[in-house]
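The structure that follows is given in the form of structure tokens.
Labels for the chains are A, B, C and D, by order of writing; each one numbers its residues from 1.
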Amino acid sequence: MKKSLLLSSLGGALAGLLVLGNVATSADLKIGIMVPTTGSEATYGKDMENAINLAAAEINKAGGVLGQKIVTMTGDAACDPQQATSAASKLVSADVTAVVGGYCSGATMPTMKIYGDAGIPMVIPAANSTKLIDINQGNAFQINSTGFDQVKTAVSLFEAKGINKLAIVHQGDGYSEDLAKLTREKWTAMGKEVVAYEVVNKGEQDQSALVTRVKSKAPDAVFWTAYYADGAMVIKQLRQGGYRNLIAVGDGSNSPKLLEIAGKAAEGVYCFSNPTVEYLPAAKSFHANYKATYKQDPDAYAALSYDGMKLMADAITRAGSTDKAAIIKALAATKEFTGIAGPISFTDKNTLARSNFVILVAKDGKWILNK
Amino acid sequence: MALLEVNNLALSFAGLHVIKELDFSIEEGSIASLIGPNGAGKTSVFNCLTGFYKPTAGDIVFNGKSITRRKPHKITRQGMARTFQNLRLFKSMTVLENVMSGMHCRSSAGPVGAIFRTGFQQKEEATINEFSETCLDFVGLLGAKDRVASNLAYGDQRRVEWARALATQPKLLLLDEPAAGLNHDEKQQLIELINRIRDQLNITIFLIEHDMGLVMKVSEKITVIDYGEKIAQGNAEEIQSNPKVIEAYLGKEEDETA
Amino acid sequence: MSIQDILLQQLANGLILGSFYALVALGYTMVYGIIKLLNFAHGDLYMLGSFVGFIILSFLSTYIGDGWAGILCSMVLSMIAVGLLGVLIQRIAYVPMLSAPRLSILITALAVSMVLYNGVMALTDGQYLAFPTDLSYEGFDLGNVFITNTQIILVGASFILMIVLYLFVHKTLYGKAMRAIAIDQDACRLMGINVNKIIALTFFIGTSLAAAAGIMAGTYYGSIHFFMGFVIGLKAFTAAVIGGIGSIPGAMLGGLLLGLLESFGTQIPFIGTEWKDVFSFSILILLLVFKPTGILGKTEIERM
Amino acid sequence: MVNPTNTPSTGISGQDNPGGLSGWLYPQKNRMFILMTLAVIAMLIPLVSNNYGLEVMTNVWFYVMLCLGLNIVVGYAGLLDLGYAAFFAVGAYTTGILTSQFGVNFWLTIPVAVCVSACAGLIIGGPTLRLRSDYLAIVTLGFGEIVRIIARNLEITGGASGLIGIERPTIFGFQLNQIIHFYYVFLILAILACFVSYRLQHSRLGRAWQYVREDEDAAEAMGINRVAVKLYAYVIGAIFGGVAGCFFAAKMTAISPETFMFQQSVLILLGVVLGGMGKIPGVIIGAFALVLFPEVFRGLGSMRMLVFAVVMLIIMLYRPEGIWPAKKS
């Protein structure tokens, strides 16, 4: 009696597990969404999921793709490599035709292999570490400008401001370290000086050691390459510590939260950003729809995620079939696809051909476009 | 030659002198006792002998070798075993497993032997089992070998501790208040057991005890300490008539009533 | 900046960091001293202190503003609330474990820490919250060295708290009872001291000091988040060990010392900011190995 | 699941034969039967499961190995190790660095990783095992953080981005690159880990761990070198973690310091505590719960870890021996 109970419960658990992988088996066109919906980056992930679903709904309303309705399925990458691989396997097992997603570079990396091996076309709207390029098996397309483009934008600003001595601070994760390294390489290659190259720990409140170190090197500008949450604290403490020169932050810090936390210390901070909804004339209706559907404003990666889904649908239509290889071919052949975030074409490495970075500046507690 | 020789042993912590210049020796094959009023430092002496405390000064020679400042497990390996004042059995383990712990220092198989169950390891395990059972049999507890130690009656638990100490194959056995908590019959059995260990196994015995009747009955040599100092030494009769000893014990009674 | 300037600046930075460490370390040391429990959840109570302070201040600011008056009010209220929570935790989680094996108590404490940490994470969605106060940066500009009024006030406040605690422990009957229980609980029971009450009081005081530090940190750094307690918990433990765990003056001294050590340590040219934590953890490990009793800790019987 | 909590203690009146579930589970014959059945089920899973199921189950076997490794330290020897992810990291990075930067064959990196993680165990264990248990917990925590920060800061470990493009191993010219291959690899590792754990537990060393765990002083008085015995636990536990790390690196092909955070150590500890410290079936159940729970209850989102934490607290307070029934009453 007990034996059978034990075994049957074990069997039940296993059966439950196996069934899990087999949800949704209709003739619809299945598109996977891979974003972090739990963990520290969940807000961004859910925002991306919303935008992608919004795009899918619009496409379905207009008759779907090749007559098929799009059904989305979300895999939670949790911004964690282990969970991301399991999420990717889940999507592949569910037999998705294509995937739109990828927010944290570190978590996206190990999934590239899984999608690559399965030959699944993938559009990456957010993750933009340059390391993604090296392991791309040809099936993935990055529509967020890569670190290279951001560095170009950053350097152009620094040059325009007559900066010579630069301090770079990152946060010890793949994305911000990548950006920091690229900036350092570029800046020194230009014959200029990087006087400080520092790391702070995520979540650490006291940055006085960093402030003193940076101040003692008297840089003309400080470039924070990581996310807004810690960036706000760093900016605040730099200003409190008496640092008065220019501060610039990377696209991970493009958030109104940064201004909220840093308060008046953030005035005049520059931010390099991928095109976000409020600065995109073409995104007006998207913004309105998003707000109507989800009762909140779209966040930093909403526009690109929306474009990602639209691009994928466009590529499938151009391919004329749901054959994965054909879709990949169609994606590669994309020419000036008009997204709300700007036109999309790809280089031979499947990255965005033309940078769409903009420069923002904080004024009176708001980000405005720098002219 | 004396099996154990203690010269000038001293122990102090935080400025408190627990043991002061203590000298005594124990002859091989004898039964010796250490007595003294409460707080005289008897258990501290045991702890110094077995390496649990690091003496401040002095020298301990056991079986011709100095064991001062040696670690407890090394001292045990050299042939000195002990029991504890408050039972210190491995409570959730079986009686047999408890006794097997004593064989640890007489065996050597390591992780590789354990994983591959080499011939050597298997033979050793069999020896450990067999000898532990012999020890249990000696104290009359073989029947209880598979019971969990903490489920045994108090007196039986004491005997498990004895068997465990015997399993280390000691030359000298230190007993810390072996009669504490035992009833009259059990004390008689204890006296018999002490004598059997000495006579049959040829193990020297050194004990701390409060029960004077038992001490006087079994010991051939008694050392009395008070405030960490030796105040008398001799056989039962000599000690019983020693004025210093009487004073020490009476003094203690005064303290108690105060 | 000249070397002198850097050293002076880091002295100021080290003092403020150190006084936060000291306040948190006091709780560790008091609880450890009295019931020999390493309260893993202590860092999380610091975090909780700042969140409770955040809620109270957000509420109060409409009435008395978000200036120093508001901060003081919310600090007192949060100290009381979190202090009581500390007592509650002790009652629910630690009292039943007192006779359990050490490993079980440690894991229980770790579990409590995880509950608090993940609870706040779930409630805040893992977001950083902006502390609802924006104090000015006015202060003293000594050439290249810059010290704000906020820093001076916060260091002053933590010193006042520490002095009050010291007087409490050494001059009042409750303080004497605490010290007595740390030495021998059973004897205290026999002497008619209400041991459980005193232990609860110890938890209350230790926890509320951590909460005070939490609010000060929120005020000073401007933002709070659910994992702010992890690193400071570790550092404060280090501080308590440096001073000698169980010793109240030791915790104060250890906190300040660690704050200064870290501040100066990070300015050593080849130890960049990226190695800062390796630096403090190495200090911790070396200290535990070579001088586990700390500076002011009592030496125990030397065992082999 | 069968709920063993209601089984009344049968140790009354000196009776040591536990009844109920534990009574049925422990006789040799029944145990062998269960083991064989489970092994066969595990072998057959790939026939019925899709890749997602395999991925999850592979993760289960992986955590079984890690949890069994930590179980040697925590469950057998009674030492709280809060930095176990460090050993796992050492193994993963050893393989990662050797294969991706020096082109060493994957299989050759395993013995190297065993040596390196054993050394890491010795380095941290040697000087610190004399410490009080709570100090040890903090030291191991600090050690775990140090290892992660070093991995994050060095060039050779790929910095914060970590290492990418780690070679997938080949065996007799056959490359392991499908999830099903890794499923079997990790299943074999888990079975090996069980086997080794079992053999160690029922040996002279295993008993010595238990003696030291129950009463250090008494164990020492019995001639057991407590430091050496603990060190064995530490080093063997480290090797388990290191080997698991090697295969983890090979499976993921990319590793980064984020995987080896404190939370990872806590997660592994959770697996050990949940099922029952020191009991192999308990630890296996713990590992299952660890991996399956988040997959099944993904809807809980960020509440997931909170639920884990609450469960852990409840277990410690009401059933410190874990889910699996105790052998002895």
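Annotations for the structure displayed:
Rule of thumb we're sticking to: a contact is a pair of C-beta atoms (placed from the backbone, for glycine too) under 8 Å apart; a residue touches a chain by one contact, two chains touch by 3 or more.
Since we're looking at a predicted model, the values are computed, not measured.
Chain nearest the geometric middle of the protein is D, using mean C-alpha positions. Comparing the centres of all chains, each the average of its CA atoms, the largest separation from chain C belongs to B.
In whole angstrom, the spacing between the mean C-alpha positions of chain A and chain D is 34. With each centre defined as the average position of its C-alpha atoms, the distance from chain B to chain D rounds to 40 Å. Here the spacing of chain A and chain C, counted between their Cα centres, is 37 Å. Taken residue by residue, chain C touches two or more other chains at 125-126, 230, 274, 277, whereas all remaining positions touch fewer. For chain D, the set of residues that touch two or more other chains comprises 152-153, 302. Counting partner chains per residue, chain A has residues 39, 42, 172, 199 touching two or more of them. Partner chain C is touched in their complex by these residues of chain D: 74, 78-80, 82, 127-128, 131-135, 137-139, 141-143, 145-146, 149-150, 152-153, 213, 262, 266, 269, 273, 277, 302-303, 305-306, 308-310, 312-313, 316-317, 320. Put simply, chain B touches chain D in their complex at residues 50, 52, 71-74, 76-77, 81-82, 84, 88-94, 97, 100-102, 104-107, 109-111, 113-117, 121, 124-125, 128, 146-148, 151-152, 164-165, 168. Chain A contributes residues 2-3, 5-7, 9-11, 13-14, 16-18, 20-22, 37-39, 42, 76, 80-83, 85-86, 89-90, 92-94, 105-106, 109-110, 113, 117, 129, 131, 134-135, 170, 172-174, 176-178, 181, 199 to its touches with chain D in the complex.
Here chain C touches chain D in the complex through residues 38, 93, 96-97, 100-104, 106-108, 110-112, 114-115, 117-119, 121-122, 125-126, 230, 234, 237, 241, 274-275, 277-278, 281-282, 284-285, 288-289, 292, going by the rule given at the top. Put simply, chain D touches chain B in their complex at residues 11, 14, 16, 196, 199-200, 202-208, 210-211, 214-215, 217-226, 232, 236, 328-329.
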